[in-house]
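Pasting the structures in now, so scroll down.
Two complexes come next, and they have one chain in common, subunit A, joined by subunit B in the first and subunit C in the second.
So, the complex of A and B:
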């Protein structure tokens, strides 16, 4: 009896917490499809705001995905070999490098952006292109990739596996492809998931680095909140959800399947 | 047997020492020659540099300046392991968790570009040879320790290496399995005829497998010899005590006899020393009736271990003597006995080492 009461209490509490988090999201989403937020849902349901957002901001959405996947590509190509090298090499130098890579986690995004602007602001073409934002995102997300790959290397004896493959005649590249990457897969997938979601949602840094022609989705969102009707901004949020949730689910499923294998 | 390659290479390690980056001196400069097809065992206590020596031969570790490693007379010191064509079995096996048993065994062949069909045939051959039929499609984490050991061996041998290197391949297994696999491994190594270097800290393993044994101590080679040489004629006290049981007796010498509290033990003729450090193996001491041997002592304890009984005898020398007697001999603690030791069974060791 007492146990059931406790269970019921916990259950209600959980529901309350979930509701506290979910209701704002639901309200925001519903606002995006109502004719007038002030008159409520009775004013009717419409897709006009969504269409409007799409017309105004399709470019930012596209750019966000381009930046996110380019960031993923760079962090994969540089981060996984870096983690491998750091792990195999070991020693003090490796630890220093690891700390350096991790440093951006502790530095506010604004500061990183400022440093980038100070250093590269003068290179006009670079400054104006989306590659400038990409650079910021890579700095910001790299620690997540390197750390999650390193975490996996810590649980399997990657150095001995590497030596095992070498003893069978495999070249360094072959070893990396056949043995290191497949065994680091759980970490690579977890890292990728974080990199893509962080990049898609990144605001601080991007806000400093963007130009009117290189706006990402979160920047567009802020823009619409500041200058548009609330319904438009809400429709924008809705689009963000629609875009990112299937992506997250897909990546999570993929990661789960890989882990079970 | 079709897997017999008999094309093992000779190995020569010349003046190879190893100082690690942190300053640890793991191996003093050592020289070692291993004949084609020979099985050489590196034996010694933990931390004495066995693995380091093996890794230098493998190409996983570079010897200090001045050291060279030769395979069949060719200098391979600067070649990394992937170019040396050696098979290696790691203590932890290092099997690839992302591949099946068959893919593990075939990996070295795949890397060498051996066509699929030929690969499959070779894998089947090794599966049969190492007794792991039926496990080909298992994942590594679905294997027992003994099975992993066999897969690791099959994988190392699949590439027909010139030299097979094994680092304590049986240590991770329980005692019974270890004994069984040791026998199997011995037959397999003989059948393959590859030059083999085998690291262990287990003297029984070393005795059974080695054509020659290298006893190592603190980064140096204490002695190299056949199991018999190492056992019967250890060069110093460390080797004598490390291999088998040994009674080490320090005593004054008087006209060719050790002068002990329990009597005078004759030595081989022609020994002219004032003081000696002598080694007597427990099984070379014969227990006889009191008064019928030059040495005497009192039985302290008797432990019956089945095939023999181990006696501890006091009053003969300063330290109690260990004696292995046949299991049929009737003795009781407290009994006074005579001890007969042939002069040839007393091995003199250097005074200091």
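So, the complex of A and C:
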């Protein structure tokens, strides 16, 4: 009896927490397709707000994808080889480098953005292009890629595989391409999902780094929250949800599969 | 190419990117902080100047309250979800972790929908009490936003930690006559301490440094990130903004480093 009471109490509490998180998301989704949020869903269902968001903010959505995939490309090209180097070299230097590239996670994005602005604000063409935002996103997401790949290296015997291939006469580059990368694939994929998801939603850095001509989706969201009617802001948020849900589901499936191994 | 030089060339792109877009800018930030009229004393202003100190205290209190409440809420829910199997459990977990990928701005909008001028709480309170309750655009709204932001993260950490607990210890305590509360207090909660420290530090550091939620709710909420933002963009006071953000970065880094040395696991802030 007492056990059931505790169970019921915890269950209701957990439901209340889920409601706190989900009710506003549900309100936002419904407001995005309602003719008038003030009059409620009875006023009718419409896609006009979504269309309006697309007309106003399509550019931000496209730029977000461009930045996210460019960030992914840079973190792959710089992060995966670096993770390999850090793993095989080991020792104090590797720890220091890992510590340094993880530092951006411990420092508020606002501070990193200010630092970038103070250093490169004078380089007009760079400052005005989306590459400036890319630089910030790369710094912010790099640790996720490197650590995700390092975690995989920790679970497989890379050294034996590498030496085996070397004894068969494979060059370092060939071994990296044909032995190391295929073995690191789970880490590379998990890291990639993380990098793209984080880049698509990044605001703290991007708000300081953007210009009126380089607005990403979260910048557009902040803009619509401040100046558009609630239905438009909600429709825009709905588009963001639709973009990130597949990424979240993929991440979850991936984590489950890794856990079962 | 020899193996050794290949390894070095693998590291080179990362080192170049990090040096150019992180290390160099951070050095510049620290130097700029000391370039104001006060010189290096600007770094003490965060503690001495009454206005900055009040903001710092405000921010720390807000972050501490967020951390405390998040830990309590997430422990109750996380323990429940990890220890019981019932229909709908997977859906409930999905609901609790879905907001993980929300940026701060979206969290701010969620709070506006809950407690803003057209919000649900105001709507209900005006029907029941005849008075519209609106608190989204204040520090209470920000507090609610940080709870929204950190609860999913902390729940995940707690669930993972509960899964690793040795249930044998609890059974032993029960067989020795300990009641359910005593088992929780003396066995379960101490075993979860590292998870509390790790996830609490993340919640604290995030609540100290997050900017998006406060920015969406109101620009006049008196917290450190908003102060830095207004000093930089509105007052164009670069030196003060730099000094304050170096201070803020040091605080969040220190908290996470302390938590890491205590709990032994990697800790990072988000948001």
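Everything below uses one rule, namely that the second predicted complex is superposed on the first by the 226 of 261 C-alpha atoms of A that agree within 3 Å, B and C clash if a C-alpha of one lies under 4 Å from a C-alpha of the other, contacts with A are read in each partner's own complex, and residues count from 1 in each chain.
Definition applied: a residue touches a chain if its C-beta (ideal position, glycine included) is under 8 Å from a C-beta of that chain, and two chains touch if they have at least 3 such contacts.
Model, not experiment: these values are computed from the prediction.
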item	value
Subunit A as common anchor, with subunit B and subunit C clashing or fitting	fit
First, second, both or neither for A:248, with subunit B first and subunit C second	second
Which superposed partner A:91 touches (first subunit B, second subunit C, both, neither)	first
Partner chain(s) touched by A:21 [first = subunit B, second = subunit C, both, neither]	second
Vertex subunit A angle, Cα centres of subunit C and subunit B, expressed to the nearest 10 degrees	100
Which superposed partner A:131 touches (first subunit B, second subunit C, both, neither)	neither
A:169 touches, of subunit B and subunit C: first, second, both or neither?	first
Greater subunit A contact set [subunit C / subunit B]	C
Which superposed partner A:76 touches (first subunit B, second subunit C, both, neither)	neither
Partner chain(s) touched by A:179 [first = subunit B, second = subunit C, both, neither]	first
Touched partner set for A:56, first subunit B, second subunit C, both or neither	neither
Which of subunit B and subunit C A:160 touches, first, second, both or neither	first
Minimum C-alpha spacing, chains overlaid - subunit B and subunit C, in Å	6
Subunit C-contacting residues of subunit A that also contact subunit B	166, 171
Residues of subunit C touching subunit A in the complex	1-3, 6-11, 13-15, 17-18, 21-26, 28-29, 32, 73, 76-77, 79-81, 84, 86, 92, 94-96, 98-106, 108-114, 118, 120, 147-148, 151-152, 180, 205, 208-212, 215-216, 225, 228-229, 232, 238, 241-242, 245-246, 248-249, 252-253, 256-257, 266, 268-271
Sites on subunit A touched by subunit C in the complex	2, 6-7, 10-11, 13-15, 17-18, 20-25, 27-28, 31, 37-38, 74, 77-79, 81-82, 84-86, 88-89, 97, 100-112, 114-116, 118-120, 135-136, 138-139, 142-143, 146-147, 166, 171-173, 176, 197, 201-204, 207-208, 218, 221-222, 225-226, 230, 233-234, 237, 240, 244, 247-248, 252
Contact set on subunit B toward subunit A in their complex	21, 58, 60, 80-83, 85-88, 90, 92-98, 107-108, 111-112, 155-156, 159
Partner subunit B, residues of subunit A touching it in the complex	91, 156-157, 160-161, 163-171, 174, 178-179, 182-183, 185
